[in-house]
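Have a look at this one.
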């Protein structure tokens, strides 16, 4: 006999662009996703949709709130939407927003600012209340020196040579948990991002794990409103090419940028006094 | 003061192809990822790599085991690798394998069998022991009728019309938890996959949630060795095109296949007597 | 002083799904693109749109024709659309169609048949008339033996070892030109595809170039209505892994499937009596 | 009877990173592809590889030249490589280079500068000599006003409303042909890029075609060494969302960013005195 376990549903990837018109236009380019849980057993068991707020209505709501709230930080929009959706029979709403950066070229002209994405996720639970996670991803960084890797464990399958000078490159995927649902979202984002950059640049690295921890700790130090940082850092390998067969030296000069396989380093860094995470990461 | 929380590291996406040569060649095309946890505080805090089995050695191990074990089911390879890696100072190893299907064209000739991927994930914990999750993803299905959607909740943002006949299409992402680390992996996969197909085809649907539950329950019924199914089903919307402006009717004949946004339906279906999940999904 | 050269515009990637309803539904899943040229200087030079048939109208036309023509081969739909669009001030219309394959699961149920795409392109020029190109792409093939590579040129940068037994794998991108605008499109596609498969499987290969030529020649032989084949065949390298450091042999058993770089082999194969290509490839 | 037509082969996507070490490191991150033609009939017809310079050797050559030439503009590397490869039995070599931008963060630290790619292509033909094409792609631009679209042709499938104020957004794919193989490559790139930006921003647009022409003409004016510009500009549609059902106005404020279908505008702009293109675009 089968039983229904945890479930959720919603509209994913509502691509909404908001323009605030004035002497100088302001642009917010977002990708909003909603996911709801609640009293939804009957729809699964019998197809009775009485408790189902359609994903089409969720989409409409995103557009309507985007207009009503206007040029606000993504966390503000996510908090408002999640609170709106979390009403019976829905008991928990998750809203995640990816925001794409644009660089100003003129009063109403912009260039897309690259792959980097600012993200946020809000969970609003009827009982537990609301929580906020911020973040960024696809921020690709490289140090061309000041990275070593040696003294590692050796087993029967270890053939890797030690190195005292290598390229260290990664694509930062960072998310951070806020202590409360009220913060200076813009400054927090700017300061957390800068802390990640500074720590990556400033850490003389003996392993990507060490760099990861330094990056997480730097965010906590820079933004007291943040109590936890979760990082996923792929090790984007750059291998020195052997040019000896062609009579050429290669003194850390020419590298092959590999695609796969790649190292994958993941870790959480917490403030000593971080409150319980509750439902914050259920987004 | 920052403290290190949960962490893991490993080599991702080792693309290994195994050929068993004989009168008729057998092909196993796999993408193997490894992720390890254990006594790794010092590498994060000070860059001391003494406890770090390099991700390069992990890659080598995947190749070596692939040769030694040969033409086995992916679950067998994952179990062997995970057990191998879970030795002090490593206390938990996760091995996930994607296996790509190939259709035989001749004794040693094959055509890639499409997007569909068979997956498995093994967690081997020094204390808790091992667990196995199987699955598949990117199996795209469509019913061109026998799908309705009406009687749903209506709020101030609901504009969707009810329908008694629509296309229902999805891309199946299914994972299933086994009761133990011993099963007929090949038959389980074949039967679980067929159960998914049969349930999708055979369910007269009033919502994708209903179809999801039917698919999960069908897998549990078909394969007693499986105790839980987790499904993620995007609703790949197909909207009827309005041809009235051109004086043409459109009696459920011509549809526009939309990309974004899309509905996203997620749910777990469990056997009534499913054992505790333990660490099974930590992969 | 700048002058305007060749130009064209249109609507790309109209995703249209057609269902023919009956005891058994028939499905046509297509991606249609249109590109038009003609008397369009003024729109470029001054923004006067009087001669511009909007790309929105082109999209509408695709839907309307899809309904009117129904369950036809893609070449038929492309020919009709291109003829329709090629009226003054438009002097040349190109219509390309990608058609996705679905496997029947039931009277109105289907599973997507993988990555492989059937393609066609029609050019209709007011002066030169119409031409048809068919094709397929993303058909991934592998021979696990019967492939050698030796006797190649050696310069100062050549370090590759010769091999008498390797994996040969590719992703077939083939397009073929028809002699006229009238043919048995369905049989031509089926027979051309089968000829490609048979030639790949049946050719004992000393180079991918040799296999390419055999594949092209096989299509010409199998389908007299086709007068030219253009093939792009990436060499999807599979490198034997060195297991000697671990005391294991590797007798053509375990391979690493590389992503980049890859070989890229391109060539045209023509019937001796192929008519002039005219505008056929301008699509 | 089948005959071999035009053909070529080579190594694609050699990912080479060059670091010039000094007080301040300089980074060149490139993706190099090579494609060769010549006396290659026998390899196609009989698998005789005597005239085949292996794609593996081509890859090695790319690495060796990258080291030897060092921190040069991509056009310089491509010209050297193409000249090297174009020796009997090879009669024509094409070398294309994509170069990825990185922003300096410190003396040896960098952040990837987004999607935008600088490209170049060189053709070196034994008879015709060499030619150079430069370019860029994936530069995404948006004007949030100063774009109209009206006065277009109307046929039986036209339903689009005219607009006096819309978003105009595109992803620029531009390539430009140089008059000779000697130019200030760095300044040309910088000035051509700036001309594209300025023309996009500064053109009050009545159609994307008009903007395209203005962009091409601006490049020609800014860089006399360039004699032709080829542009491909997708019209990335942003549709105003109808908020009336929710009692809200939408005064060019909230847009839906569509994925497909999209408009596609292509055109060439030439200097009045542009020399014959010869083989320049065969890359």
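Order as written gives the chain letters A, B, C and D; numbering starts at 1 within each chain.
The rule is short, and it goes like this: contacts are C-beta pairs under 8 Å (C-beta built on N, C-alpha and C of every residue); 3 or more make two chains touch, one makes a residue touch a chain.
Because the structure is a prediction, the values reported are computed rather than measured.
S.K.: Pick out whichever of the two, C-D or A-D, is joined by more C-beta pairs in contact.
M.R.: More contacting C-beta pairs are found at C-D.
S.K.: Centre-to-centre on C-alpha atoms, which chain is most distant from chain B?
M.R.: D
S.K.: Using CA atom averages as chain centres, what separation in Å is found between chain A and chain C?
M.R.: 38
S.K.: Between chain C and chain D, what is the gap in Å from one C-alpha centre to the other?
M.R.: Computed value for the inter-centroid distance: 23 Å.
S.K.: If you average the CA atoms of chain A and of chain D, how far apart do the two points sit, in angstrom?
M.R.: 31
S.K.: Of all the residues in chain B, which ones touch at least 2 other chains?
M.R.: Each of 15, 60, 64, 157, 159, 245-246, 259-260 in chain B touches at least two other chains.
S.K.: Given the complex with chain A, which residues does chain C contribute to the contact?
M.R.: Interface residues on the chain C side: 156-157, 159, 245-246, 259-260.
S.K.: Which of the residues in chain D end up touching chain A in this complex?
M.R.: Residues 15-21, 25, 27, 29, 60, 63-64, 66-68, 70, 102, 105-106, 108-116, 139-146, 167, 197, 200-201, 238, 241, 243, 245-246, 248, 250-259 of chain D touch chain A in their complex.
S.K.: Which of the residues in chain D come into contact with chain C in the complex?
M.R.: For this pair, the touching residues of chain D are 1-15, 33, 35, 40, 43-61, 64, 149-155, 157-160, 205-210, 212-213, 216-217, 220-221, 228, 234-235, 260-272.
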